[in-house]
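Please read the structure below before turning to the comments.
Residue numbering begins at 1 within each chain, and the chains themselves are lettered A, B, C, D, E and F in the order written.
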Amino acid sequence: MRFDGREPLQLRPIHIDTNFLKHPEGSVLISVGDTRVICTASIEERVPPFMRGEGKGWITAEYSMLPRATETRNIRESSKGKVSGRTMEIQRLIGRALRAVVDLEAIGERTVWIDCDVIQADGGTRTASITGAFVAMAVALNGLVEKKAMARFPITDFLAATSVGILADGQPVLDLNYVEDSSAAVDMNVVMTGNGEFVELQGTGEESTFSRAQLAKMLEAAETGLLELFEKQRAALGEAISGKIDNRRNK
Amino acid sequence: MRFDGREPLQLRPIHIDTNFLKHPEGSVLISVGDTRVICTASIEERVPPFMRGEGKGWITAEYSMLPRATETRNIRESSKGKVSGRTMEIQRLIGRALRAVVDLEAIGERTVWIDCDVIQADGGTRTASITGAFVAMAVALNGLVEKKAMARFPITDFLAATSVGILADGQPVLDLNYVEDSSAAVDMNVVMTGNGEFVELQGTGEESTFSRAQLAKMLEAAETGLLELFEKQRAALGEAISGKIDNRRNK
Amino acid sequence: MRFDGREPLQLRPIHIDTNFLKHPEGSVLISVGDTRVICTASIEERVPPFMRGEGKGWITAEYSMLPRATETRNIRESSKGKVSGRTMEIQRLIGRALRAVVDLEAIGERTVWIDCDVIQADGGTRTASITGAFVAMAVALNGLVEKKAMARFPITDFLAATSVGILADGQPVLDLNYVEDSSAAVDMNVVMTGNGEFVELQGTGEESTFSRAQLAKMLEAAETGLLELFEKQRAALGEAISGKIDNRRNK
Amino acid sequence: MRFDGREPLQLRPIHIDTNFLKHPEGSVLISVGDTRVICTASIEERVPPFMRGEGKGWITAEYSMLPRATETRNIRESSKGKVSGRTMEIQRLIGRALRAVVDLEAIGERTVWIDCDVIQADGGTRTASITGAFVAMAVALNGLVEKKAMARFPITDFLAATSVGILADGQPVLDLNYVEDSSAAVDMNVVMTGNGEFVELQGTGEESTFSRAQLAKMLEAAETGLLELFEKQRAALGEAISGKIDNRRNK
Amino acid sequence: MRFDGREPLQLRPIHIDTNFLKHPEGSVLISVGDTRVICTASIEERVPPFMRGEGKGWITAEYSMLPRATETRNIRESSKGKVSGRTMEIQRLIGRALRAVVDLEAIGERTVWIDCDVIQADGGTRTASITGAFVAMAVALNGLVEKKAMARFPITDFLAATSVGILADGQPVLDLNYVEDSSAAVDMNVVMTGNGEFVELQGTGEESTFSRAQLAKMLEAAETGLLELFEKQRAALGEAISGKIDNRRNK
Amino acid sequence: MRFDGREPLQLRPIHIDTNFLKHPEGSVLISVGDTRVICTASIEERVPPFMRGEGKGWITAEYSMLPRATETRNIRESSKGKVSGRTMEIQRLIGRALRAVVDLEAIGERTVWIDCDVIQADGGTRTASITGAFVAMAVALNGLVEKKAMARFPITDFLAATSVGILADGQPVLDLNYVEDSSAAVDMNVVMTGNGEFVELQGTGEESTFSRAQLAKMLEAAETGLLELFEKQRAALGEAISGKIDNRRNK
């Protein structure tokens, strides 16, 4: 039994509130236990300079935490005047992950801006961000399809992320909260498609190492959690949008 | 009748959710119509260098908007690497306003950090921030009193803010939303104490001017709205804390 | 009697040297007591990107202090690599105030850059900047009219600014110098047109508050001072330019 | 057969020149094919503020490319005034990887600064940096042991890194050069200890995905290459230092 | 005859107004023709960290131009957020030059901050800055001697600077104004002591070169101008301070 | 005899490795004693905005040191987020010096980017950079001539640089190493063409001064060293390129 009463392979309670804000083309508030992230998707009718004229779209992400998302107050990155390495790493990961399930040609020369703002942090903010951002992006892109601004539905599969780890006692666990994450020997983030293919695997021994056998156990644990996350996304998106995603998967 | 069906001197619906987040010493989610701001108060056990050794506390504020708080996406100030003039002006105003109703000597050498993060903007974000931040600060400081970390209750009066303006047709109105604010000829922010004293008056003709008579009308309108805001704050804080504030006012 | 021998409603000695520098289209050195500010107006033959194609002009201001304008040396903002909140607030105020008395359509797609550089500071630098910048701007814009680069004379009224305050002893005073400003309970900046309309009112209780009655007294004091400032501007500009301003006012 | 004539599981030629520079405590020039990186290790007799008083050491890394390390000239990060997300990600990875094989308590309150400067880039600069930096660090830390500044030899195992990938045609390959890296569907960096334990696994589908079976093949390929890299490190370090590392591994 | 009617070896008119500002310990307004620079000297009662505990003083300089010191408006360095290479070069030169004639041990652990702010530019701003800053510094340091804060008078000689050049037609000229400076083939700044020793020589062929013979002619021209500048400094400082400088020179 | 056994007018051993890197259009590794600098020349097919449409080329330089080029580790300028005054001064010098021997019209609207990266520093890094950069630039520009991308060979003379100084004991010496440079009373950098004309002279008394006679001795010493440097450049470039330079010199 874990610190917060969960089984080793049990996710925390997941809630996805779709259309949480009125201005963005897509928005959700996702809660994974006490971790709460506002994810929005904004459509811009052009691509960055390095992509102009290629007829393809782009997806880029920004990530931030409110100063008191955490136990002690963090200095705002806007006050420091620069973005930390951790933030950059996370926002590159989110953008890269989402691009793996989007048909960028179908989008045309548009940019989807993903913003993930953590309002409360309790571990797993980057995986919650990916899982929530997928839903916000699907709503925003579906909106363009509805408005006939796009010929083909551009999302080719579901995409979600979770963390797995090995605690100091050697136990593999799913969906680490902050206390577990701080003390884990190994921490791995897994981003997967609805079809069970990996998009991103990031495993790190924190002043520690892990074997092939431990890797296998962690990947299994991740898969269990991801299946549940895909169900939550499906419910949050509703049948209409989920059906369109399924259509593209099966092709 | 106004654009959104309100009377000229009618506030938008106000909601103040106290203890909205689990980590900060004080936190609220305030809604003023569609404007929604997360306000937190954090206690730091020291003061900035320029105040050390004076035996007094300090209150400072930061303000930010999520990129999609607005109709079109704003570039994050952390990405730009600098804070805009507008943001600086607002955070200086919030800090200054709150300091007017706090007995800084009672606080001792501590800093109260106020963070106002606008998650949805529809006009009046700075006045909503002040009104919400007052409640978050009262909860946080009361917590220190409860823990016996402070001898005297340090808040000396209620404090709230609202905007008033003169529309292009010359009509004075209370609590401008974004559409009204954009087209108003004159815009004034009024910060007032529960005793009806001004703390800050900022009136601006936007490529326009205003007369003494118009000033008088705007101040009257502001007062009407502020009385209602004080009632909302009182309800959000509950009888125990409100009573302590009343005690200090009457002295 | 005040610290420096003045009556409560007496301005400090005012001097406005027009055409102080040889390069700018308009320039003045304004002295308000020991406060000395170089104000220049520069014409740029285009507007900022957000205004292109609208057929209107723009007026923007920058403000700075020499490091030893003050009693102790200030670190240069160029060395710090960023502009302080106070500076931003002041430069936004100067630009906004001047725009209220300029017919931006008459200017056409041009920007007037106002630079206010304080070479000696003794309180009231922002109000001296506005008063001096108005004169520099009038000279620069009149130059364009003289050169037939502009069809209509674009300044629609005089504009000046002063400060009023309430000292710790409750006395309302006009045109605070640095010593008074530092100890005043309430400080208010008033920007007014020649016709006696307000353009900007900024009243602040410094860890203090003020009543309606005190507000009224301060506004009266400000008006006294502003009448004198308009006379100084008129003398500095000469009859020809002053007459053109009067012509536009009366329409 | 690959673009440059190699077999799928063949590394490029590896050279490690130890003590390449005269000033640093440890330095190497590592070549992996045409990729050439100068790696230095510098000892600082203190730790960063967040670690003071814990009696432990710290290892941190910085990574940079000369502007013409690449086919077309890159703008210097010092000229841009900020470090890119890619650079931050790489330097965090290098530091984290090295810390996994160092007994930080044995080091005492010292920082090892690793600098990896790429003078010529042809793919795999981050893995070459880790492999080279390990050698530079071992030389520097051994120097402290030789001077009796440290009681215990602090390196607990060999550490090297390589990349593996899946080309567009589905073929798994080892040690991708720039041309292969640009076109690979999947790219994975593997950091491993001499004992065959993983320290870091970073697999990314570049607008693509990968299956469990492909993961297994890539890990096997990586292992082949890493065994060869450990031999190169052993040769570059010489018997004395390699023996000390073996001693700590076996405990 | 030159563009402005001067003889080849004739300086422009020089004026040095001592005690131009009320706050700084030393201040002058220097005019060299139309070039006008405010130079101030400020005393700080400590030295920079790298000099603490050595019992010696330090002299450092900052240089800036008002935006409209020049024909067309320059962007403020504080707005750009960084100081240009030209500015850095000039401020390093000013500080280095002044340190050559100051007995840093006599000063004790104090910093003299020199600020040179160009309010009007017409060529030769860096040499005017050095010449003016010397006078401001002498006044400030003499003030400390007068207050008995310093045992020995610390200035060991006069110091002034001028420019010489070779025009496109091969003619050597003294004290170039902006028009001459822009078109000169060779430009040389010479900083010299009252005793006729060089402190700094900076000769630059602007897409051109110069011979030994031309160098000799330029140095002669510089000497002529410098003798006149020393007389102006002597007059600006008055007999009392000049005499103290002479006393130290003769030892 | 000097610290390192050299005669007063003896250079340190010089090596110039041409084509040190594979990507740049021109590259060398230059060693002057223990000072080692990688110099590259990159051709960009456009000029900076301020030169567009003039039909002329531009040459600009950047200079940097690896963190452990020096005895103790320097903080990277990219980490500090700004380039130091010393770096700016050096890169401006390198660019200016090279432009003096290039026929910018022959180049056409192209920019030559020079990058000088010091990998090991032992005094004289700026003069070694100029001497090495000249060779890299000649190779790059000759490449364009070979490709018929340029009608005329654009380099009009050889160009090299060295330092001379006066030690504390009054002895004039050539090519100061770090130890000598740190303790020299006077330090002078001389940039000269193959024809013996000066391009740049920068002499600085370090809290010291120098006479005309000392200047003459230093210039003589510099000339001795420069003759040797021209021979090394000639050997590094080979007869073909050297011959083309000679051709342009003689015209």
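What we mean here is this: a residue touches a chain if its C-beta (ideal position, glycine included) is under 8 Å from a C-beta of that chain, and two chains touch if they have at least 3 such contacts.
Being a predicted model, the structure only gives us computed values, none of them experimental.
Keeping to the contact definition above, tell me which chains border both chain A and chain C.
B
Considering only mean CA positions as chain centres, point out the chain farthest from chain E.
The most remote chain is A.
In terms of CA centroid distance, which chain is the most far removed from chain D?
When every chain centre is compared against chain D, the largest gap points to C.
Between 0 and 180 degrees, and as a multiple of 5, what angle does the rotation take that fits chain D onto chain E by Cα atoms?
So the copies are related by a turn of 120 degrees.
How many angstrom lie between the centres of chain C and chain D, each centre taken as the mean Cα position?
Chain centroid spacing, chain C to chain D, equals 60 Å.
Find the geometric centre of each of chain A and chain D from their Cα atoms only, then give the gap between the two centres in Å, rounded to an integer.
Comparing mean C-alpha positions, chain D is 29 Å from chain A.
Could you tell me the distance, in whole angstrom, between the mean C-alpha positions of chain B and chain D?
52
Identify all positions of chain F at which a residue touches two or more other chains, and write them in rising order.
Residues 81-83 of chain F each touch two or more of the other chains.
May I ask you to sort the chain touch graph into line, ring, star, complete or other?
Contact pattern: a closed ring, each chain touching exactly two others.
Can you list the ring's chains in order, from chain D toward chain F?
D, F, E, C, B, A
In the complex of these two chains, what residues of chain B are touching chain C?
82-86, 88-89, 91-92, 96, 99-100, 104, 188, 193, 195-212, 215, 219
Which of the residues in chain C come into contact with chain E in the complex?
Contacts found on chain C: 21-24, 27, 34, 38, 40, 42, 44, 62, 64, 66-71, 73, 76-83, 87, 113, 115, 117, 119-120.
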